[in-house]
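Next up: the structures, one after another.
What follows is a pair of complexes built around chain A, which joins chain B in one and chain C in the other.
So, the complex of A and B:
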């Protein structure tokens, strides 16, 4: 890629090209939108776009927390199980204490488990993959211990009307996703915690030597990630009116796919919420578009796999051999 | 004396805790340590165990293989379906070849293209699950003549009083162990996992080494699929879902490091058997099946922490 090296020289066209190379997810998103708009008359309608945003928002909220953790150089596999526990608590506790205290406790369960994950990673020095793989298995066990094998049902269905607030075609769930994404982008780019999260993810030894409290940032990021998973679980329970013990199974995988598709690196130190928004929207558009075209379920799974590998190859070809 | 006990606890704390667990269960459930029950547990772990043998190679190079859950589903569907079409022998050959092919594909992407192993095999997890549905059309397949086929021997048969799947697992473990300890390939696997740069400078082609570990992983998953198909005499479209995590949990529990370079087949056999005995013991004690997940969580954290702490010389990082 010889032309990639002289992009730094700096004419406007070249800087635009350079931006596109680093943020190829938006090019890809535009392409998928163009293809599906051409292939299906139902795709580019206001209603459908509203649907895509709502459908994407659930994985999106998980992806925000995952982005924080990944930039920090770690990974969190337990988000799907945390989501299920929060949703079970938010519904199951309503009988005993009313709606909002139950929702609050659901949120707190997420925060507590995130704090536990983060503390275990920080104190033990274990790979977060191991700690949260344990969490994925064990927290799912907690969900089953709490709710048994049956889905919990809300006592009062007015609970399901809480997220039925729309701004034009945009649902409350989608608005929460975008608000959280913007907020955490601000955290990443404009707060000390954000800057030090990049520093730790980029080079943990150097960050430690520079006097950064590595452990504190890890604990904070894991807490953020699980709390957001709980937010996602509660929104899901509001949308469905039930809490299934198997809710959110393998969602951690979709979340990782969305974040990596966006361009955030697993190795840490690189990424942003903008990229994650791009990845989340691309994933949502692909899933929605393929369904509108009436493709069988297997096409979706295969396309996801292929796209993910393609994104990795693109990222390698465009960025690793060029600059950055 | 205190020093010795301290060192003993640190080095073998987990094994001791496990023995205590075995004792507690045995006192409360008479059947637990009976030969029949022990063979049952071994029969249950033979499928995950077989897969874990191959995954140990991959993990020893510092890579991961998450695709094996979907691969197990795909290969089980293939072996059962082809059994009905082409007969047992061609079905087994095809299944093993398909396992090798998928392993080789993973190996090329990770070893030669140099993509991140976690993401590549995650992508394959999704892709292969799609392939399962494409192949089966969404319906479950069953072996048509389950009562008369000799194919049943791999999952249900006995030989010299031992279940055949257990024999396959143990023989596989011995072969894998010998390959890792006594062959050039085995030493290269440890070399690449221990320090990839150094291994390349010493003339090891890391790309080929990584490639072959994925081929091994694909092959052992193929053997596991033959056992699974033979045992169930059918295949649902989700039969292997989540196996990748159970297998990894077993490998990690044994003490093989995810960073690569440290671990062994012996440790994997121990780790995966421990998972089996914990699961079986808790069921015999009358706990609901999901309690084993909670215990697994605690055991993984404690086991890996103790292991790490012992190597580091202090508990906290």
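So, the complex of A and C:
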């Protein structure tokens, strides 16, 4: 407990500096952009930036839900599997009921599984790591049972034209990501549910003693997280026109990396969508930039691993400066 | 003093194995400060948690403003005007002051959107009423402990509280901060709020309270007017038990000095601590929780670092050791929380016993199992440990038997000095006296023993000499006939006045 003055108060310059200190991932993002612009002539082109945004948006939509769950002090490892199930249902059911009912059922499968995850965590008292690890394995199994271990093909390829809406270089998928991120940032900062999500993650005893319904917030956040995973799965099925049973495998890890890279605290109570957007974009820029430079796949993984650890060390150092 | 606002009648609360509150009745009047005192475990905190809606009583009634009332939960209690200020502050450091004041009861519109301006305005007026030097937008994590406490007190303004309960409010405050707190309490009192004040510090109680209720072993011993009583009476009510436990003390035959500590200090934790202990001597270290007892012995053992101080081992000066060096020299520390620090719960008694001295039981890193088993059997019979066999997980044993394994594990290295931190906390009476017997036995064999305990009868019963610690300093030393409960209480609750005089 320090006597440090609140760095967000004071002059505009101080408040900008304070924001950057808390959201230092944006500084990091700017640095990576500068480095890649210098290293590759193809990097800073309108086309490539559009690509980065679209590629990043898939992990980004998952990361929005993960941020809610992580601020709440939990974790959700099942998002990759939920994504695969929603995408399989959205394509597989089209033969039986038409496009939009199938998409709707895909979404509902996500919401239902999230509700189940949240309820199990809240009522059993088990750690969400275990509960959603079970979900990761079990739901993936369900996907294989449903799809019969084959990729499902969309019956009518007009389905893949749905997301072909652009605003300049920005795809519909990227627009959906940004819109959702802004919406959930508003939820976090301006609604009772959002602020109580922080309170629960920050000091669960205090929240409970204050009469906050801890369980309800957890269930809501797990439901949001899985529903967004389903949204991501459906957008992916539209982009690919197929539903692979292996879709989204280890995406839960990339998602967690993006959120943690942004600065949201694994133990809960601290974070924001601004941080997560920064983390998602940094991750997307790194992957894109390394590919433009024709980096071999294994070197790419090594660089990503090193960057993650570096970002967390930086976070730790800044944390010790006493700004949190 | 005004009318009775809150009255509890016949409150009983049991937890598995303990009756925390037994038919407790007392009342709080408006505009009074009512002290609730008692030793550790007397039931003060349980009673407060019942009032604040954190525990449901098994029997009894709460009568609030003249009518029987059910307190459904902590938020319900606050809405009714009963507020508990926790000892461990109950705040969310990442949220703002305003959000913390109204935690759990934020104003929203129909769609759950926060009315931030309203929240801010109400919080600001609550802070103004208390004269706080910080605004509603400040993040709580950036405030000092005293300021954080003001945030909790601001809840009293915000919820228009009629009853405010302070649980050890001065535990982590400086003297100036304490004076400010007392001023705030007097302000609340002048407005007709009924205040319950829980503290171990007798000088504070006589300073600020109007009436004192004494709890012992979950029962009310009586309520007295502060102006018409004195420390002696209150102390007697607090202790008042007959010494029905039988203690065995080792014969006072002391040998050479084993350990001497001089001027040991650590900023903010303890200061200028000095003592010595001889072969065959049992040295008691008494003090309330937070006095710094455990910290001192952990520093001597090397678990913690000191700022300054000298250590003499068998007469020769040594540098402050590491735990490994301490063990090798022949020092043993049996920590307070055996679950966290003392035992590997999933392992059996055999492995737990040999764990710190695997070198003694192995050659070229290969365990000598017969030797391990022999030592296990030796201590099982010597300490009469009840276990089904060498491999029964210690998690399945009773607290008393677990504690015996902790002792066995340190004894098999044949130490010269053994330090026992709360050796009988949470174990049954039978095992307690077995441990007391063992302490006497060890001293008789020529070991130096240091016993830390919050239980006065225990520390007085087993020790040859007792040091009283309070707020990081050794404030008194008693020997022989001077070793009485009155003297000890007096020493730990009074030294501040003495220091000032």
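A few comments on the model shown:
Going forward, the second predicted complex is superposed on the first by the 305 of 324 C-alpha atoms of A that agree within 3 Å, B and C clash if a C-alpha of one lies under 4 Å from a C-alpha of the other, contacts with A are read in each partner's own complex, and residues count from 1 in each chain.
One rule holds for everything that comes next: a residue touches a chain if its C-beta (ideal position, glycine included) is under 8 Å from a C-beta of that chain, and two chains touch if they have at least 3 such contacts.
The shown structure was predicted, so the numbers you read here are calculated from the model rather than taken from an experiment.
Of the two partner chains placed around the shared chain by superposition, neither chain B nor chain C is touched by A:44. In the superposition on chain A, contact of A:298 is made with chain B only, not with chain C. Of the two partner chains placed by superposition, only chain C is touched by A:207; chain B is not. Ranking chain B and chain C by residues of chain A touched puts B first.
In the superposition on chain A, A:253 contacts chain B only, with no contact to chain C.
In the superposition on chain A, A:20 makes contact with neither chain B nor chain C. In the overlay built on the shared chain, the residue A:130 is in contact with chain B alone; chain C does not reach it.
Contact with neither chain B nor chain C is seen for A:31 once the two complexes are overlaid on the shared chain. Shared interface residues of chain A (contacting chain B in one complex, chain C in the other): none. On chain A, the positions that touch chain C within their shared complex are 1-6, 8-9, 190-193, 195-196, 198-199, 202-203, 205-212, 269-270, 324. Of all the residues in chain A, the ones that touch chain B in their complex are 75, 120, 122-127, 129-131, 133-142, 144-145, 250, 253, 256-257, 260, 266, 296-306, 308-309, 312-313, 316. Across the interface of their complex, chain A is touched by residues 54, 73-76, 78, 86, 89-95, 99, 103-106, 108, 111-114, 116, 137-139, 141-145, 148 of chain C. Touching chain A in their complex are the following residues of chain B: 64, 109, 113-116, 118-120, 122-134, 138, 241, 245, 248-249, 252, 258-259, 288, 290-294, 296-298, 300-301, 304-305, 308-309, 312, 315-317.
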